[in-house]
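The two complexes that follow have subunit A in common; it is paired with subunit B in the first and with subunit C in the second.
On to the complex of A and B.
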């Protein structure tokens, strides 16, 4: 292959993914159609993730006005928000609930688009950007968890960061120290402290949002450029206009989702799922309290980590991430029926690990 | 005398007439048992009159009936001041709603030529009575507060005394004249039921709530043709109405939301007590942080770190302290009456190990359940932690600062357990020993 034809291939690839002639209101909005079939509900999941992202941005900005990212004041400022600021508890609770819902719908979106083969040519970039968005979303979850600076937050972060260092023991000589250097870069000092809080805060409110919006821009542009994927193996008979019909439906789904979020946030404090001693301000000199756990959306990897050898989980999770990025090429010729089956298996695994992870852990490690 | 006439004789007459008259009417004019709907003749004002009126009066009557039939339940509910306030305000609101509806109906009946044609004197009498009854009820509610409560001990037993044929006006005799008028009004309305449109109360049209909406329309095709040109206009009008409703709803919502948003950013205005409480906590947290920094500074600048008096150490329960790396560590007393200093940072994922020694001489990391032997530092077989907890070098000094025993670089203990008064010996973590042992 000559360098020239290689270059031509690259140009052809890019121009197929970014068809400039479609870059106008008419093809991106007016002409766009949404197929109607039994999986049409899948087209709403990405929009829901987007709604909860908006909620996160707005409530996050609200919290920014009172939150103080220092080890002495962080916990107190969070308490001040929930106890004294008008509607502060509601705003904070919405931020917490909405973060979980955002991650939930991002994962559901991933599974449905996988099952619907929405990554098929020419939508590879949409998929890859989507996987980046998923990782960024998890990054938000991890960095945001530390900010209230209570026992569970700091201790869970410690464990999470220490796991990074543990990777070093499986790497050969020269790069074995790399994970530790990486960990200390994130941590900022020898143990989790003020430097860590500052760094996580900066990532949570500036770096990750910037990255998210950049990638989200590409993702949404691709979605509008290429239109909705057909979603089922045999092309759907019926379709409806994206604008205004689908948009209106999407908005009404948003309305219902927001109402549910609002009621949840109003009635059920997110903190109520954690026992109180874990919510006390972090005490650097005391023992680690029992019951330290990550957020529920990390259970799918947390419980296997507790049960299986670290190297195995490391290998599997690396394979999973690589597999996610390469999905459009790995599953290029797979039928949607097969993809649907795989997605179902993945869903089952996630549901079982998230809901029954603790029971499984008890069965194998109980009384140990 | 007048009380007996209006509050005993009238009720019995009203009830008897109502029952006999209604039965008579049902038997003789089965098709006349209706409100004689005039929706057909005029529908727009009817919507704005009939709907609020029926919603308002229906709920108010329901409230009256609960107070009448379940006074105990009603009173226990109203014992909660919030519920009482809500019920009273809801009552006034609903009364306003029904008055507005009734006035629209009244106005319609007086001004629409079509309706005039089918209006009887009885209609006007009923309307006037209803309007008067509600206005009086509202005045009573506003003038003599918490009627929802006091009515259960006055009006309710009065009605029950009538129902049990032991009429007793003493329950209501001392009530203000307006309240008595309200009661008399009620009996008059009951009296008129068989002779007016009020008879439709007995048809209890519950299925109206569940059936698909219906509208009475002209079936004459000529009428349809004649008004066809209106449908475009109607669509446009409906669209504008919809937009207006959205706009007004949105405006109301934004006023509410903006108010909350403003209050959020305006911030709380705390009482001096709350202010002091927060400030106190804040100072405490700052001090804790400062103390931590002091510890860190001390570890950077001094060679010996005081851990504890030798007499304070125990074999079964470790004392936490902070080592030179600012990590938690534990101090125990070993078998030879000498200190045993061991890191408390789990070698697995860095949790702080607990300080209670179990029967096998081990301490537990609560995060992933590794047991470490405090004598050797080695974790139990199969534990997630693989590396042993490192022991830390120490020095024991007497009061004059003379070192009587220490654990040297190679882990060998030099010196023996100090004899005599353990109170006077102190245990130190020693930096140069620590560095030696590292090297």
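On to the complex of A and C.
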């Protein structure tokens, strides 16, 4: 293949994914149709992830007014928000619950779009941007977990950063140092301390939001340019206008989801699921309390890490991430039935590890 | 450790024996924990991890020189400590500097004598505390929080289901208003969707 022909291929690929002739209100909004079939509910999952992102942004801004990103004041400021700021507990709970719901719906969205083969040509960039969004969302979860500066936050972050460093032992030659450098860059000092808190805070409120909005822009532009994917093997018998019908239905779903979030945040403090010694301010001189765990959305990798050799999980997770990015090309010719089956297996794995991960761990390691 | 200055109990022998028992428990091989039996019971009963800060000021217990521990107390605070330790019978107001609000409330409610006695059967402590007192006002009785291994001084901490039920009832007006608003919004949206759909059908 000559360089010219290679360049032509790239131009053709980009032109098909970014059709400039469709960059207008008529094509992107007026003409857009949403197929109606048994999987139509899948079209709402991305919107729900977006709703919870909006809630994250708004509640996060409110929290910014009071939160102090210093090791001496972080925990106190969170306590102040919860106990003394008007509606502070509600806002903080909404932030915590919506972060979990955002991750939940991002994963559900990924699994449904996979099962519906929504990554098929010309929607590869939509998919790849979506995978980037998923990773950024997990990044939000990891960096935000440290901010309350309590026992579970700091100790779980330490474990996470140690795992990053451990990756180096399985890498060859010069790149073996990369994970250590990465860990030191995130950590900023010898142990998790003020520099780490400052960096995690900067990532959580500046860097990751910037990255998220940039990638989200590409993702949504692609969705509007190419419209909703067919979703099922046979073309749908019915469809409805994206604007205004689907938008109104989407807003109705948002209304119900927001109501559920409001009731949850009002009635069920997120901290109540954690043992109280883990919520105490971090004590650098004290012993690590038992029961340190990451947030529930990391259980799918946390429990296997506790049970199986690190190298195996590292290999599998790298394969998974690479597989996710290359999905549009790997599964180009795979039928929706097979994709649906694979998505079901993935869903079962996530449910089992998230709900029963601890029991599985106890069965294999509890007696030891 | 000196005996309480204000000790005026008729049964001085019993008091001395109890203080000796308490001191032994306090400074015995259990390390930092005053009465480890309670913590062990709470962890076993609730399945949650617990520590000394359920009743004590310092999460490592009373022994040591950190804030809220005996080694850090001033003479006046030590006097206060000894007075509190002499509160053998229920009903006496105590302000023990090594105990938090819940710890002091326990001593006031059941007296030090029972605190020492119930170590062999910590569940009795919950029974003795009764089901009415709720220091953090989260709707869950302190005795229940003790059994559940949750923080009796934190209104955001408790058994998740009990908290949900209590808060749902507490904020029922807010919730009703939210349901009404969202319901009206959905009703409006449905009407608009129906009208638009029929007009589109007619156009077709």
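Criterion: the second predicted complex is superposed on the first by the 367 of 368 C-alpha atoms of A that agree within 3 Å, B and C clash if a C-alpha of one lies under 4 Å from a C-alpha of the other, contacts with A are read in each partner's own complex, and residues count from 1 in each chain.
By our rule, a contact is a pair of C-beta atoms (placed from the backbone, for glycine too) under 8 Å apart; a residue touches a chain by one contact, two chains touch by 3 or more.
Keep in mind that this is a model prediction, so the values were computed, not measured.
In the superposition on chain A, A:263 contacts subunit C only, with no contact to subunit B. Using the contact criterion defined above for the overlaid structures, shared-chain residue A:243 touches neither subunit B nor subunit C, since it reaches no partner.
In the superposition on chain A, A:82 makes contact with subunit C only, not with subunit B.
In the superposed pair of complexes, A:65 makes contact with subunit B only, with no contact to subunit C. Look at A:166: by the touch rule set out above, it reaches subunit B but stays clear of subunit C.
Look at A:190: by the touch rule set out above, it reaches subunit B but stays clear of subunit C. By the document's definition of touching, neither partner reaches A:13: not subunit B, not subunit C. Residue contacts after overlaying the shared chain place A:255 against subunit C, while subunit B stays out of touching range.
Touch criterion met: A:290 reaches subunit B and subunit C at once. Overlap of the subunit B and subunit C interfaces on subunit A: residues 286, 289-290.
Those residues of subunit C lying in contact with subunit A across their complex are 48-51, 53-54, 59-60, 149-151, 154, 156-160, 163-164, 167-168, 171, 174-175, 178-179, 182, 185-186, 189-190, 192-193, 196-197, 200. Those residues of subunit A whose C-beta lies close enough to touch subunit B in the complex are 62, 65-66, 71-73, 75-76, 80, 84-88, 91, 155, 158-159, 162-163, 166, 190-191, 281, 284-290, 292, 306, 365, 368. On the side of subunit B, the complex with subunit A involves touching residues 260, 263-268, 270, 274, 278, 281-282, 285-286, 288-289, 292, 320, 322, 325-328, 344, 348-355, 365-369, 382, 384.
By the touch criterion stated above, subunit A contacts subunit C in their complex at residues 82, 89, 240-241, 244-245, 248-249, 251-252, 255-256, 258-259, 262-263, 266-269, 271-273, 275-280, 283, 286, 289-291.
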